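Heads up, the next two complexes both have chain A, just with different partners, chain B and then chain C.
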Partner chain A sequence: MSQLSAVYRAPDVELKEFQIDASKQHYNTTNGATTGPSAYVLQAGQIDVDKPSEGRKNAQGEFTYLSKLRMHLTGLQDDLNEYLTQRMEQAKNKKLKQADEARIKAEIENLLDGGDDEDDEQ
Partner chain B sequence: MVNLNGIPPKNGRQYYLGLGLEGSANKLGVGIIKHPVLPRHDNSDLSHECDAEILANIRDTYITPPGEGFLPRDTARHHRNWAVRLVRRALDEAKIDGPADIDVICFTKGPGMGAPLHSVVVVARTLSLLWDVPLVGVNHCVGHIEMGREITKAENPVVLYVSGGNTQAIAYSENRYRIFGETLDIAIGNCLDRFARTLKIPNEPSPGYNIEQLAKQCKNKERLVELPYTVKGMDLSMSGILGYVESLAADLFSHNTRNKLLFDPETKEQIVTVEDICYSLQENLFAMLVEITERAMAHVNSNQVLIVGGVGCNVRLQEMMAQMCHERSNGQVHATDERFCIDNGVMIAQAGLLQYRMGGAVKDLSETVVTQKFRTDEVYVAWRE
Partner chain C sequence: MKSSHRPELSHTLSLNIPFENERQAEIAVNALSPDPILKPQDFHIIYTKNASDLSILFSAVDDRVLRVGVSSIIESVKTVIETIDELQ
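Right after this comes the complex of A and B.
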């Protein structure tokens, strides 16, 4: 059985590899952690009836080749989604940090170079 | 005159088999249809008499809790997770053992919601590659029209296409379905669905159906609640009506006795119920539709109307349209039932098969890109004179 893997490349990050560990439960279910219904719909009281179909077992009681493939892919998709969400959070924090730093810098400059002219003369 | 038998069916058979996949909104439909090869199609204009046999019409709808609409992400998830099961069910019902026997796989190319459309087209492409079957991309609106024509056998009617995503008055002219009048902002089904959300009525089986049932229970049919009537020439606008009717509902629920329309100014008693508002809303919106349809009929000198699209299931709309048509040189209204009015896979298969028979199969997978905006008149209707 061929082992699935994924490789992620970006200008600011070195190669990131994703492998499947078939012994972990994470890779042995078709119901992914990141591919469930949206939070707002669950909060409104939705009962999820649209889950992917479960893996199928053959006469010997083992999962079929395609079912195993689907379950491994579901786990791999979860890994990828979590990694990309992390990167998005980092990018967001970086942006916020930069906006914060720019604001502090502008305030300091204002103090040093005399923002007094803008104050009301009472 | 047109030759519909230019491209023969597979394996020297005397019939075509088409598989249609529909998923532009919250309904996922898989349909399988059979067209016999008929000599009368060699040189005629009879694309509405295909003797189509429906071998399977499977549909699953993504339903949200009351008060919520459906957003692309969850709708696409529903389509992705159900597609294979529905296709398998359709093949079983049609008793097709070898799917490679299918002549063409038809999918909705647009218009509609991006993510759900994309989920369905990925399934279509995969099946096409798996079974080595050609693909055809179909315009959703044209699918509705062709199914309506095939079921009702209407000869060149003015088509009123009304659904949650589209509201258009269409007439056929020189190989295109031309749009004579349409909504300037939201679709009528969208207006009814969003009002259903403010009322928090269930979305099962569909919000529009539940509003229709509430309207039927109205006890004050002689006294309409006055609503804005916004027909603009050949077009109509509904966002203003929606805004107003939502504010009425808000006043009703918050018991705002200062609203003289809803509460008696002296006794402060409630004089208008939710059923009354539903009834008046329907009467108002449907009257607007009847007006723009009549205007289109006057333009093309027709006395036949074909109503297609989900809102076409509404019995009151069919009644009002029939009344207008009857007064107009004894015309007729044609409508289909909920199996074909509401989005389904069979309508895509029907239009797709006609397109395929006229040589419209996709030559390269790059032509199968879906699009959210796809105007009805962009399609070249090769199968009609």
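Right after this comes the complex of A and C.
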């Protein structure tokens, strides 16, 4: 049977693979770190009525295959959310930096072109 | 693997979910695929059943759209898995 996995691609990223490490607690819970209400909301007394149910266990007290799959998928969802949020942050910073550079360049060009004369006239 | 039909949707994520059997994978495809995409010009999904595996290919214009779309669909997949688990 194949594994739960994900592969991300973007123009600047050839390939980024996501795999499950079942030994980590991160992949053995139905409560995701990046899903559900924020810690701030919970501390304010909000009750999470949409909290996911615990995994189902069989007669031997072990989690069923589908419960494990759901827990692994929750961990993978956290991995993907964290990675893509980080990428969004990088893109935002890059955009701000480019805008800042463009503004400085425009100001320098304006000064070199004698644009300061316009200010003097006012 | 199928690629995005639109080159502008350059940010992709391929997700492979191994179900217990082919029937479960088929139920998942049938449950998920009718959901309409709110902004098809920005986001696209292809569901493929390969034996007992469900493969989902997400394509988006940027990482923000991809993150929102992928997380939303994963929530739906988890609901499908939980429902099958409870009913069998």
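By definition in this document, the second predicted complex is superposed on the first by the 109 of 122 C-alpha atoms of A that agree within 3 Å, B and C clash if a C-alpha of one lies under 4 Å from a C-alpha of the other, contacts with A are read in each partner's own complex, and residues count from 1 in each chain.
Here is the rule we go by: contacts are C-beta pairs under 8 Å (C-beta built on N, C-alpha and C of every residue); 3 or more make two chains touch, one makes a residue touch a chain.
The shown structure was predicted, so the numbers you read here are calculated from the model rather than taken from an experiment.
Touched residues of chain A, counted separately for chain B and chain C, are more numerous for C.
Touch criterion met: A:Val41 reaches chain B, while chain C stays clear of it. When both complexes are overlaid on chain A, the residue A:Ser53 reaches chain B and chain C alike.
Annotation: chain A residues 35, 52-53 touch chain B in one complex and chain C in the other. Chain A meets chain C in the complex at residues 1-11, 30, 34-35, 52-53, 56, 64-67, 69-70, 73-74, 76-77, 80-81, 84-85, 87-88, 91. Within the complex formed with chain A, the residues of chain B that make contact are 62, 64-65, 67-68, 71, 73-74, 77-78, 80-82, 84-85.
Interface of chain C with chain A (complex): residues 10-20, 24, 52-53, 62-64, 66-67, 70-71, 74-75, 77-78, 81-82, 84-86.
On chain A, the positions that touch chain B within their shared complex are 35, 37-38, 40-41, 44-46, 50-53.
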